[in-house]
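The same chain A turns up in both complexes below, where it pairs with chain B and then with chain C.
== the complex of A and B ==
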């Protein structure tokens, strides 16, 4: 029987805190075949007694970065792998990694735009790979892909990649980032302050038009709300792609 | 059917075919997420990634997003990955 995606031993080469509960692990993979923006890897931990657990994590880094990938992981209370990564793992530790995996929730900068991205919490990770890939492709290219990211988080300090998103949006290459903070907002906040709903989707999508290609990723309830809203707005189903992360979230 | 699932607290735990893509790739030998298939119960065409995945049991059950009928059932054993595809009328592998 073929084993088309072998488990590789990867080494954590860097750790970076994104928010109080979210951390990025740079994983060195010398024989990494490369990946597409939106794909994920499976990570397997095996205890000395043979007990093993697997989880999937979206690749946060762009395909243009070779030899290593970033995994951005939210610490989930009671999460077997995320708790190990956050509480125990250090630079130099090794993980078993399988991938890249995924042929549906992927985007290339060569795809015709416009691009509408909808994220809830750590659902932003595969979309960030798309935005980083887009930025690399836009640099030096004459045409830009009109893109909007609608990003739902609980509080301002929970916004993953906040500074980098500000920088990407300020580059003037057609990207706008729209935040909604669902639990608390800082003084003077003029952005959205509620969970994603039909009206918000319609307002944020409007400048892109009905020809937009959409990727939605985050907690299942958020994905359902956003996908249904787009469906009601008449966007064709084959232009809407979804990835559900399960319960909880903003 | 959509409203019923929305009010069911368990619905929050539902994933989709993306979550079992690695398991399917190991079984089928190639990327399965973007493969379209027809639900044998209601005839809806969906890509594997769009099926609703229930992963609490050993392996996974993938259900039609329209009628909730079981399309694929996957069980992992030590020596093999078993796939019951009776819930799919067909899977469509396009030629390149």
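== the complex of A and C ==
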């Protein structure tokens, strides 16, 4: 029999603001067994009287980093765990963490074929683990797999990892990042300015071709539109991998 | 044993939603929430890939494998089977629990009246549009424990939620309630399904918190 995945006690070692409502928590996990890009962890909070809650959070950091992982957490209005993390937790606090979990929504830099990522809001988190893995794969030998990220955010200031995505895309190793801003656009904006639709998916996928491996993560309506569009474009179903979060999930 | 871990500064919200009016199970919402779960009023959607859409005139449902004579129903024949209304609590391994979900569909017991199971048959593998599978001991499906639903909350089951028809097994995490089900194959040996092969628990009893392999 397999042993259960143990609960481990992790220590918050750094906190970093990504956007006004999204923060990254670096948590030290000395005994961490390692993870694959796209996997998640369960986090458990326990009160003095034994009341406890659990939530799942995607791992943002790449597998090449050892001894710690990054969790990027959006503060959900009325959320129990995300509000605790944003309002109460500070560097030095300890959390119970269990993982890594999930074996389907994962990508290895050794996988052949182009990579197409579609994200809505904080759905970018597991995809960022893939991009960071891609950038550091094979012990420093950067992967040059043709890769495109189509990333939908409401406003420019809501774009999670914006500077890092700019840096990764500027490296000239085959990564392109295409943004769409659905609520407001800054003056001179040349990117998309509408919700993701069939035509946008077809346009952004086009240079990669129908052999791309695709990972889609975001709110359900975005995931439905993107996955159905890719299905109609003829991508094999097992290459259209989705992860969704609905209106709930506080 | 070490002392229980306490998260510094965590108090908890504990504002459980109440049950809808007219439904009184005699147990509080908190008592009906399995360990590690939280209550939601939404009906979240989770699937691993695109949503299949099979036209009803091409839809059929089969029972096959270790049965004397396999049987197939068309959509019209299937939905003409004796149906029941079911009000059940559902728990998803992603941590949400939704109480008093109202479905309409046909009991697995009713379906099994149409076939004669081979005495060797011990496990059921649900097969679905899109290639999804999940495995259950036959004992987890019979005696009113499971049904195939085509209505949710008085309306046809939406494709995103597994329509036109999905298996519902309330006593197990919701991944066992296979969306887009098209048939059940009866076998003598257990065969892990899609999520059961990818790190999730083979049985998935939410009251025992059987989330992941080894739990």
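FYI, the second predicted complex is superposed on the first by the 238 of 250 C-alpha atoms of A that agree within 3 Å, B and C clash if a C-alpha of one lies under 4 Å from a C-alpha of the other, contacts with A are read in each partner's own complex, and residues count from 1 in each chain.
Quick note on the criterion: contacts are C-beta pairs under 8 Å (C-beta built on N, C-alpha and C of every residue); 3 or more make two chains touch, one makes a residue touch a chain.
Since this is a predicted model, take the numbers as computed values, not measurements.
S.K.: Please tell me, clash or fit, for chain B and chain C sharing chain A in the overlay.
M.R.: Aligned on chain A, chain B and chain C clash with each other.
S.K.: Given the touch rule stated above, what does A:94 touch, chain B (first), chain C (second), both, or neither?
M.R.: So A:94 only meets chain C here.
S.K.: With both structures superposed, pick whichever of chain B and chain C touches the larger number of chain A residues.
M.R.: Answer, by number of touched residues of chain A: C.
S.K.: After the superposition on A, what does A:129 contact: first (chain B), second (chain C), both or neither?
M.R.: neither
S.K.: Which partner chains sit in contact with A:45 here, chain B, chain C, both or neither? Use first/second/both/neither.
M.R.: The answer is second: A:45 touches chain C but not chain B.
S.K.: In the superposed arrangement, does A:9 touch chain B (first), chain C (second), both or neither?
M.R.: A:9 contacts chain C only, not chain B.
S.K.: Give me the intersection of chain A's contacts with chain B and its contacts with chain C, in residue numbers.
M.R.: Of chain A, residues 2-5, 42, 54, 56, 101-105, 220, 224, 228, 241-248 contact chain B in one complex and chain C in the other.
S.K.: Under the definition above, what is the set of chain C residues touching chain A in their complex?
M.R.: Where chain C meets chain A, its residues are 4-14, 36-38, 40-51, 94-96, 130-131, 160, 194-195, 197-199, 212-215.
S.K.: For chain B, which residues are in contact with chain A within the complex?
M.R.: Going by the criterion above, the answer is residues 2, 6, 11-19, 21-22, 25-26, 29-34, 47-50.
S.K.: Which positions of chain A touch chain B when the two form their complex?
M.R.: It comes out as residues 2-5, 40, 42, 54, 56, 98-99, 101-105, 219-221, 224, 228, 241-248.
S.K.: So in the complex, which bits of chain A are touching chain C?
M.R.: 1-5, 7, 9, 42, 44-48, 50-56, 80, 84, 88-89, 93-96, 101-105, 220, 224, 227-228, 230-231, 237-238, 240-250
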